[in-house]
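Structure provided below as structure tokens; questions to follow.
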Amino acid sequence: MDFTFAEDQVLLADAVRRFLVNEVSPELIRELWNRPGGRSQDLWKQLAEQGLTGLSVPTEHGGMGMGDVDWILLARECGYHGVPAPLLESSWVAAGLLAQLPPSELRGRTLEGIADGSLRVALGHAHSPLVADADQANLVLLERDGRLFAVPSSRIAMTAQASIDPSRRLFTVQWDCEPQYCIAEQAAGLMEQAFQRGALAASAQLLGLAQRMLDLAIDYSAQRKQFGKPIGINQALKHHLADVAVKLEFARPVVFRAAHAIANGAPECAVHVSHAKVAASEAALLAARNAMQVHGAMGYTWEMDLQIFMKMAWALDAAWGDRSLHLARVRAHVLAQDAALGPGCTFKEEQQ
Amino acid sequence: MDFTFAEDQVLLADAVRRFLVNEVSPELIRELWNRPGGRSQDLWKQLAEQGLTGLSVPTEHGGMGMGDVDWILLARECGYHGVPAPLLESSWVAAGLLAQLPPSELRGRTLEGIADGSLRVALGHAHSPLVADADQANLVLLERDGRLFAVPSSRIAMTAQASIDPSRRLFTVQWDCEPQYCIAEQAAGLMEQAFQRGALAASAQLLGLAQRMLDLAIDYSAQRKQFGKPIGINQALKHHLADVAVKLEFARPVVFRAAHAIANGAPECAVHVSHAKVAASEAALLAARNAMQVHGAMGYTWEMDLQIFMKMAWALDAAWGDRSLHLARVRAHVLAQDAALGPGCTFKEEQQ
Amino acid sequence: MDLRYTDAERAFRAEIREWLAKHVPARPLKSFDTEEGFAEHRAWERTLYSGRWSMVTWPRELGGRGCSLIEWLIFEEEYWRAGAPLRVNQNGVFLLGPTLMDVGTPEQQARFLPRIASGEDIWAQAWSEPNAGSDMAAIRCSARLDGDHYVVNGQKIWSTRAVWADCAFGLFRTDPQSSRHHGLSFLLTPLDTPGITVRPIRQLNGQTGFAEIFFDDVRIPVANRLGQDGAGWQVAMATAGFERGLMLRSPARFQETARALAALYHQQGCHDGALADDVARGWMDAEAYALSTYMTASRLQKGGHIGAESSTNKVFWSELDIRLHETAQRLAGPFAELTAGAPLALDHGRWLEGYMFAQSGPIYAGTNEIQRNIIAERMLGMPRA
Amino acid sequence: MDLRYTDAERAFRAEIREWLAKHVPARPLKSFDTEEGFAEHRAWERTLYSGRWSMVTWPRELGGRGCSLIEWLIFEEEYWRAGAPLRVNQNGVFLLGPTLMDVGTPEQQARFLPRIASGEDIWAQAWSEPNAGSDMAAIRCSARLDGDHYVVNGQKIWSTRAVWADCAFGLFRTDPQSSRHHGLSFLLTPLDTPGITVRPIRQLNGQTGFAEIFFDDVRIPVANRLGQDGAGWQVAMATAGFERGLMLRSPARFQETARALAALYHQQGCHDGALADDVARGWMDAEAYALSTYMTASRLQKGGHIGAESSTNKVFWSELDIRLHETAQRLAGPFAELTAGAPLALDHGRWLEGYMFAQSGPIYAGTNEIQRNIIAERMLGMPRA
């Protein structure tokens, strides 16, 4: 039993953080929000150069062959910095799904493209009609009648559905079922796993977003003066942010554990992921609310960076299964008549 | 439209408050908690002398013939002072039910006894097997198979069920259906109204209890010093008590309005009463929690008066329909397909 | 206590309901935080005025109806029930108007009130400054007396409506030696006076709902001062009392939101028990706010005064508004993130827009932290630090 | 990261599970806040010791098992799973024991530790004073040096276990000129020393869970001082760190409550969706606390330190405990007010008793307001007033 990250995992996260601090500033995000298409080819190229696009791709296809636990700290950094690119969706979720398929020419070619940054893959799932980044992806993974399709985006009719987070480029899609694009006859298990991985990626980003908003609020409370003193001396504001810290402290291990559960195919994986999504969402939403309150009227302006991360948190709360969906999964687990609850059950499945 | 109390209603409440300040101290409550039987005949006599036992009894039977709106401020005072006597149950709820019956010798005799203080009447209702004060009541009003019975307590086998509030003397009852005690063939409407009146009485007491706990906490926060200053200067404690004040401020009119609804037989009366019970319960529970927190370790002692009123609040939260029951009634109203919601519906039924 | 409306109150309700049914625009107006929407709303104010509905509580001789507070509540209920436009003229009708009637000279009343009533002049607030937000007594904007004018220099911020409004009212430091809430005066000025620059502030939703106002040697006639020189704080506190007290957010607004929330619950085919409770609680709290307001209005009509409970109001409605919209966002599921422009946005994006606006509730008109301090210290008598 | 138990850890679990199955008393012991219950719990501590289970993390040479923190967590899980008695010896095993090992002299360790381990000496805390609660540096109880003894005068309060305990440890002011957290020393004393009077404090549930201790010229040998003269604050802070940190409330306690809560939901035939969510959330939060503790334990085993997160722990478990019991009270419906003695009380009154006890959680071991200050100032670096 060892619930710590390996040193190389921490070092990789540190390196990615340094990279993102330099390359993904709030200014870049604001610029991309105004740019048609909303994406930066340069940034994508840099992500590929860092090896991040190929993290999940097996080494034989030019990737790094890493897993969900390796990803989790990186995904948190992506949240913290608000990376305005579909890195997690394409290179973790979609690549993870493709890697599960039996070897084929398409699979190999696509994974190689993902790894070298030349290809992007989007993914739709059963719990929402919205597909992120469908327009600029080369392929969109979609399910119909229990079968899995990899449809070229050129074969899809799309309607833009604007998100409050302009970094998320959402579409509803219409497509004809063309048999040559079918890549698996049994989609259900693959799609469920991809959905869980997507929810996990969102959870990790929400952790990062919560931390970012907390940090912004701490900074603001130290700089902003009222009645001649920094507003941060007010106990009410201290307690607002202490509440966020507590919420975050107890969301973090839940998300880490969900990553381990997916990576190891734990039988109650779905419950762990749902728990993670709820906990991370609620930490981020509380961070948004309380950071807003600490910022006062300034927090309500476009000018302050807080609004960027607040909107990202609101959007990810809704994406990859909203709280009602995930709470229902946890509830079903806890209220099952034969539920294994109580002390000693936390790592039960990992024991087997 | 006039949502204020009449001057004589306010004056009566003031008089009752002065009486209770003198006659019902925390010391008396503690003494009665330790006394076998737990009741004071002296206090009951004084309540009768004040005319309070006969408030609901029609004037022709020696009472004051007052109504629910007259009672509500008095019931709040009873809560504030923790009156350790079944005044509201016997003289408001049971008397209110009896007054609805067609004239009869039993009805007249009983109402007169209630008015002059020589009789006490207890009441069981469908939502709980617990009957308060069944042992010392002369009669217990009980329903069986849709009929209403007034059973002498001597004909009832009782099992004591200790409440956390020792002022509440609870029993489960066993009794045989003896036709001579039947006082109404159609009990349902009467019992439902009595249940609502009981819930309203509990709501008013909870308002009083919330105010009492708030006052105790304010006093304590001014007297108790830490770090050389009264603890009440701490913003966190100020905000704890401000939260209670807000909750109470917006529970109060809801309770008053429910009294008006019962008094006038408003068609959606049950919803208003349920709203009142939930709002008053939650105000009192928040007051208990936050007053406890302001008192610190002292609040956890038997010695401080806070514990008395806290336990009374906990008990009344459970009594006369718990929050789940009352919330379910409100929910059913709000989520009915033809619900009249929105602006302009607040006093809709009163308009008709 | 009599919770039935009088015949006169019912007739009043029938009258406004009928008028609104005929006049409320069929399609919603654009947001008054846009230029076009502002013009639409100004036109709507004129329409309201044409029916003598623009300021029902004002005296008849000023074009109002001398309504009681209960009638005002009825008006608001019908107004929100009819889905009528938001009031771009709110600062003038509910804040400056009553203040003018209280402390304005007859000349000032004659000059300003009719143009407020008619919607000709739309007023902006000019209270806060960059370093005087919650601490409004820290105001530094100076107004130096020069003959029969004040010469104003400095900066105001968070001025609602200021982007397209005609005039502004606010506090200025007329005694340079003074500190805190002494030596301030309450001045009124057209925004097209030379030396005034208005810089819009872009807010959360991308629109410009408020602005900074820069004053550079702006000359404001002494005749535009409301109340005595140096007595501005007292005048402003009275105004803020109106604001926080009864009229800033009428209960009907939240009752309408609670109604729409129940409709959204059905529309989404929701069966989540916890969300059902949240919807029910939203309705309960909106009702509680309405009942509380009716109680306060009844009391005021009998000569009572509104005190620190205006702070409990502010805390209650602002946090209720957040809860209502949070529940809506949860009901929206995956569509919660879609903005008004998205074809799949629920109810044309009103919930997300409302959720964003609700964020400002616990902040403006005095943060809820300040309100809770006021409740604790002034209403509960707890000791100051 | 490897969230599987090692073979050794599984064997350890099997061993303690088997032992507990044989030894846990069939009927629950009486509360250790009663005289009879205290004696029963002391006997249980001896039974635990006989199996070398009374202080599993202590070194083997002291009668412990030298367990890792992960093994300690496993022990706690099995202990709570088995419904074994609460630990009357907690002050000695988890607070004084580790402190003695840290700063005690070899002689002190030999004198005190074995008697703690065996349950012969049950220890009480003597931290707070009537005017030194949250502000512990305000301690005034004096200990004047007189030869090889301190002469102690003053009063302590909120001393847990003190009613029937054998000894007490606490802070005393040994330098009369000193102020705040300087000049304090950490002293140990038997409670039957002449001049000590213990006055039980009756608590919410009517029992006497803590006491006041009055010192009247009480002679405590200098040899009973832990750490240097005047260094008591540092010693005490280390002790408080153990307390708040990891070992005061093991996650298993709350996981057991969450499990029982789900059982209560079924037992009551509840179909209330909001309560179902509350039950689910209780489980989630207990799990989160367990996961967080496993993470901290793993980190500590690799040489990490526990810092301000001990304050986040305290806030989290104490408020979780209240939520769990509030939910239980709601599930109990009309029976929520019944005490243990009532025939209809659910689960023999455990929920109401637990609800009362939970009230103390946000208060003892440093109020949650103080903990939130610590989190804001030390963990988040926010400015002090």
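Labels for the chains are A, B, C and D, by order of writing; each one numbers its residues from 1.
The rule is short, and it goes like this: a residue touches a chain if its C-beta (ideal position, glycine included) is under 8 Å from a C-beta of that chain, and two chains touch if they have at least 3 such contacts.
Owing to the predicted nature of the structure, the values given are computational and were not obtained by experimental measurement.
Visitor: In terms of C-beta pairs in contact, which of B-C and B-D ranks higher?
Guide: It is B-C, judged by the count of C-beta pairs in contact.
Visitor: Of all chains present, which has the mean Cα position farthest from that of chain D?
Guide: C
Visitor: Taking the mean of the C-alpha atoms as each chain's centre, how many Å separate chain B from chain D?
Guide: 40
Visitor: Distance-wise, how many Å sit between the C-alpha centres of chain C and chain D, to the nearest whole number?
Guide: One centre to the other, that is 53 Å.
Visitor: Quick check: what residues of chain B touch more than one other chain, meaning two or more?
Guide: 234-237, 239, 327
Visitor: What positions in chain D touch 2 or more of the other chains?
Guide: 272, 274, 276-277, 369, 372
Visitor: Using the touch definition from the top, list the residues of chain A that touch chain B in their complex.
Guide: 234-236, 239
Visitor: Hey, which residues of chain D end up touching chain B in the complex?
Guide: 128, 131, 133-135, 138, 157-158, 201-204, 206, 270, 272, 274-275, 322, 329-330, 332-339, 341-345, 352, 355, 359-360, 362-364, 367-369, 372
Visitor: Name, in rising order, each residue of chain D that touches chain C in their complex.
Guide: Touch residues, chain D against chain C: 272-274, 276-277.
Visitor: List the residues on chain A that touch chain D in their complex, please.
Guide: 1-6, 69, 214, 218, 221-222, 229-230, 232-233, 235, 237-239, 241-243, 245-246, 249-254, 256-257, 260, 264, 275, 278-279, 327, 330-331, 334-335, 337, 339, 341-347, 350-351
Visitor: Could you please specify the touching residues of chain B with respect to chain D in the complex?
Guide: Result: residues 127-130, 159-165, 168, 170, 172, 225-227, 234, 236-237, 289, 292-293, 296-297, 299-303, 307, 314-315, 317-319, 322-325, 327-328 of chain B touch chain D.
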